[in-house]
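Chain IDs A, B, C and D follow the sequence of writing; residue 1 opens each chain.
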Amino acid sequence: MTNNNPGASRAAYYEQIARQRMTPLWESLHNLVPKSPQPKARPAIWKYAQVRDLVMEAGSVISAEEAVRRVLVLENPGLPGKSSMTPNLYTGLQLILPGEIAPSHRHTQSALRFIVEGKGAWTAVNGERTTMHPGDFIITPSWTWHDHGNPSVEEGGEPVVWLDGLDIPLVAQMDAGFAENYPEATQPVSRPEGDSFARFGHNMVPVRHRVSDPTSPIFSYPYERSREALDALYRNGEFDEWDGVKLRYVNPATGGWPMPTIATFMQYLPKGFKGRTYRSTDATIYCVVEGKGTVKIGDDEFAFEPHDVFVAPSWAPVQLSASAESVLFSYSDRPVLAALNLLREERS
Amino acid sequence: MTNNNPGASRAAYYEQIARQRMTPLWESLHNLVPKSPQPKARPAIWKYAQVRDLVMEAGSVISAEEAVRRVLVLENPGLPGKSSMTPNLYTGLQLILPGEIAPSHRHTQSALRFIVEGKGAWTAVNGERTTMHPGDFIITPSWTWHDHGNPSVEEGGEPVVWLDGLDIPLVAQMDAGFAENYPEATQPVSRPEGDSFARFGHNMVPVRHRVSDPTSPIFSYPYERSREALDALYRNGEFDEWDGVKLRYVNPATGGWPMPTIATFMQYLPKGFKGRTYRSTDATIYCVVEGKGTVKIGDDEFAFEPHDVFVAPSWAPVQLSASAESVLFSYSDRPVLAALNLLREERS
Amino acid sequence: MTNNNPGASRAAYYEQIARQRMTPLWESLHNLVPKSPQPKARPAIWKYAQVRDLVMEAGSVISAEEAVRRVLVLENPGLPGKSSMTPNLYTGLQLILPGEIAPSHRHTQSALRFIVEGKGAWTAVNGERTTMHPGDFIITPSWTWHDHGNPSVEEGGEPVVWLDGLDIPLVAQMDAGFAENYPEATQPVSRPEGDSFARFGHNMVPVRHRVSDPTSPIFSYPYERSREALDALYRNGEFDEWDGVKLRYVNPATGGWPMPTIATFMQYLPKGFKGRTYRSTDATIYCVVEGKGTVKIGDDEFAFEPHDVFVAPSWAPVQLSASAESVLFSYSDRPVLAALNLLREERS
Amino acid sequence: MTNNNPGASRAAYYEQIARQRMTPLWESLHNLVPKSPQPKARPAIWKYAQVRDLVMEAGSVISAEEAVRRVLVLENPGLPGKSSMTPNLYTGLQLILPGEIAPSHRHTQSALRFIVEGKGAWTAVNGERTTMHPGDFIITPSWTWHDHGNPSVEEGGEPVVWLDGLDIPLVAQMDAGFAENYPEATQPVSRPEGDSFARFGHNMVPVRHRVSDPTSPIFSYPYERSREALDALYRNGEFDEWDGVKLRYVNPATGGWPMPTIATFMQYLPKGFKGRTYRSTDATIYCVVEGKGTVKIGDDEFAFEPHDVFVAPSWAPVQLSASAESVLFSYSDRPVLAALNLLREERS
């Protein structure tokens, strides 16, 4: 028997198998197994000068208490409605006003806080509060109670803005999200400020400490020290044509990343830096700390200034230039890609 | 000034921030950070008796050569249009007829082949071919050339059906898919059948072998030996009220999973088994090898028979019963959850 | 002031400091920090043909019960009085006669048993007995109760001789030896023979097994399978100019060594093999299983035949030749050297 | 036949087997496999007040150049002639005078330098010099070129004494010692002081750093920071009844020990501390930095003052007391015991 109309019969067959919740792989194979990554996320930048007023205005739109977390989510234009910056990572700008509390809760999502402007607010983790200063990198690890607060104006409080980086979309993809609210607005303070840093921050650890968790036992990495390290390395001649001077934050108890799903970096670009092109399968979000320059990401080019936030999707070529001495904080899903043996890099 | 219509002004504010590609977290926080996993994937079963004819009919709808891989994708009813069984994993039923070749390619997706019916077809990986028998578990690891073939009818070939398990949705989520076709239909055979098993399958490894890759250096785990192990353990009194007798496949060079993104298991349920309830954040796909029974997954209950395929989403309570001695193969995204510190389990 | 007799004053000074239990490093630095290893252990061979009668005669000199372990210790001629074959390892030949029991005890020393001749005796570890056959490699790991026995003549028992390999000198050096006797001659048998192999020997492990110990969960590696693996590899073209075909035994739950202090190997030399020269900082004891050949170790050359035992000290060049198809078992302190970052190798 | 004189015939048998370099295990089993550790090393103390003059006098007995390393070895009274403090570890007091150089060499032995008195001398490792101050802990890892020097009196040099801790006896036991002299007295300085600390000391590491070696990439751990960490912890309420406040030094790139064979600790005992009793299978050498107290080690009791050195052999019960606020540096072979699965501890 010859089939005079194979297209028609395929369509009929496709209908039949659809009733069994089956689809023909051969119609979708190309999309499912692409030759190279096809990210929907797009390169994008948020100019702090353009968004700062809106961030501040949020303070009059809703209270921290009502909002729980008063955050404007930066949403990648290629991922509309997803509250995502990249497939795995989320980015937001959080505002906390003097006298406010962002109440205590915990969730399986891992979070980083990178301080953009203002100082004196605090983050509490595991019974210890740390005071936030611009450039500080702070973590609130998976399933740890955490709350934030800001002293009143009388006590010297001022509006504080930080960048929130979380693995919300990743945890959603994994169907592994759990969350709980703490019965009080703030967790009890049981340890003085600096305690975890004293225990783990000095290249020493308590003799009976057992590593039971991949997250860092210190939760604040002050800018003062990161900046000092970058300066020293640059002075000492460290220099990479792609990266300038780039350090990654580590968990001092393991040498691994501070959190198991998010990599974090701080990098220095000297004035006049014109970096070479790099790409990798982790997607990276940058936050400018100091300086001025431009970044090419795929076919886009953005000028950057302090506090701007920009994103490089997976496998997009990235090239950094600096017209003034610049410092960039960045974070990515590199530990995830590495753990799954899916990390690829290319320097050209 | 008092705001007489806060809802209106919030709406106006939301429009303003939307122009900056920003959204208010406080409107979506609940969905983004749920109290517990809210999988879209649903419990489901594919009865082999109902789909077998359609699988066989695929042989006349398209040739293996044209299809590249002649597979019917089993699509989770909760994830329509996604070619996915769970958020991270894909399931298909592949048919290869006597005399056919599924041409050689490689991709970053990891794949397992679990043989459902028919024998004598082969899978080639790294220059070695392995003959497939029902119940065999075979891997074609990330970025390894692999092709499949079936001898002609004259040489004793018969239709062979296997279950394909891949991490296609996970790799898509990671934006980390790369693929290449081999210049020829089949890769050259450079090593005799059984070579990798001889090197690594006997609790010994070549003395100068260096582990450079998390994937297993053996790629075929014959059913004969898995079944023998299960039998021996049951005879020896091994028995778990949740699992019956359950073994996981390992990479003999590391003791880890055979592939870094997919866990695989084989389990034995004695006749009359009524298992207790278990749930975990990895989502599991089962393929029945032998026997008869029922499975409760959340609010659903399915009767199962040989070659049926069913799925338990993340955190859904699962309870197995067997009215006849049964053997189940299963695979899940457990290594992913574990690597990201997101694995949670509950036995009740 | 000039010193007219510096030698005398140094001597006086040395006496003074000696009273404070101090010595001048500069007089011993050369010996303490040598240019290259200066082993006291010497190459040596024990010809089984010469020692077999003495081993058998031990059966009438002392009973197994009185001896606890009826073993002739092979003592390196360079380490007299040390009961050592190498600085870290011990070698003995143990005889057990039909109807005898070597009573149950445990100690922190790790032990291997490599069966030389006779069959049917058993070793019990963790409540499981395994029957011993020539060429089998059996472990009795650190701090596990173990006993050995042999059926009576009526039950088919025959004299059985095995090579004992332990880390006795290493554990002594570490001041870490603990030992206990079991209250009965034999530990209770709680698991059928083959149980641990069924659980861990088939490239699968029980799903809830947690690795809490570096030692292998299987304790018998049958010769039949090791030999089959070597044969297959040689047939498949595996061949190394230094080693012939050489496999190392692994702990299937980790891919590491079966025990944390002793490496074990089995190697095949085809007829006519003339190996190239190799040396390394682990010291190796060989036991010939089959065949005939010669070995050059430093300036010594030994002819070997089945059951001969020979030793290559650290850093001594070793060169193997075989006039007949040969199989050699060997063990060394390689995991110790590797763990301490002191392993060096040279192939010339 | 009955044996009328079994003792005589055993003796004859022993002679016979001795000619084959074999000995009867049953005569030595008890000594070889002891019930618990039987260290030959004994508890001992070196009072700095008694030995300081002799250390200084060494400066006139021999020049640093002639001596290569002008060190008085502290020899455990239980290990005469072994140049050892414990079976695995060596202890010495090294003196370097203004204007002297201890020439560059490297060896597989790992070394620590703990500064006792004097300041301004330097140690060079990997092209970087670090200035030494009392209480600093400095490493010269296995197989790294290292040299020491002291500025001239004119440049402010003063006599400097430090404690040398090495694994010389361990490496000798392993037959794994290699050594080389550098062609010049000092290695070229290629990196400014503080460079390795800037790269690795601030809980960050260079982004492309790959861990290829278990030794710490920083080689100086300044006392200032260790002391600050101890103070902060004590102030914050950290206190252990056995240890007071005790930290271990870590390799910041791995969280492991700074060197693979030697553990190092710094501990604080408040005034009036009366510690509980502890023992373990690692043997520990202490060097008093500040304070005053007593230590009971087994049946011995010693009063200690600054710069005193004392030793606790394996498994000896140790109990510390402090009549003044005290700080103790200590080092042991704990990583070795742990790697070999031979570490046992007991707190009573």
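Here is the rule we use: contacts are C-beta pairs under 8 Å (C-beta built on N, C-alpha and C of every residue); 3 or more make two chains touch, one makes a residue touch a chain.
Just so it is clear, the model here is predicted, and its values are computed rather than measured.
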Next item on the list: Report back the single chain whose CA centre is most distant from the CA centre of chain D.
Entry: B
Next item on the list: Mind checking chain B against chain C and telling me if their interface is mostly the same residue numbers on each side, over half, or mostly different?
Entry: same
Notebook entry, point to check: Centre to centre, by mean C-alpha position, how many angstrom separate chain A and chain B?
Noted result: 31
Item checked: Geometric centre distance via CA averages, chain D-chain A, whole Å -> 43
Notebook entry, point to check: Of all the residues in chain D, which ones touch at least 2 other chains?
Noted result: none
Item checked: Chain-to-chain touches, reported pairwise for every pair that qualifies -> A-B, A-D, B-C, C-D
Notebook entry, point to check: Can you list the residues on chain C that touch chain B in the complex?
Noted result: 191-192, 194-195, 198-199, 201-208, 211, 218, 221, 225-226, 228-229, 232-233, 235-236, 238, 240, 243, 246-255, 265-267
Item checked: Residues of chain C defined as touching chain D within the complex -> 9-10, 13, 16-17, 20-26, 28-29, 32-39, 41, 44, 46, 50-51, 54, 57-58, 61-62, 66-77, 83, 87-88, 90, 92-93, 107-109, 142, 168, 170-180, 213-215, 260-261, 281, 283, 313-315, 333, 336-337, 339-344
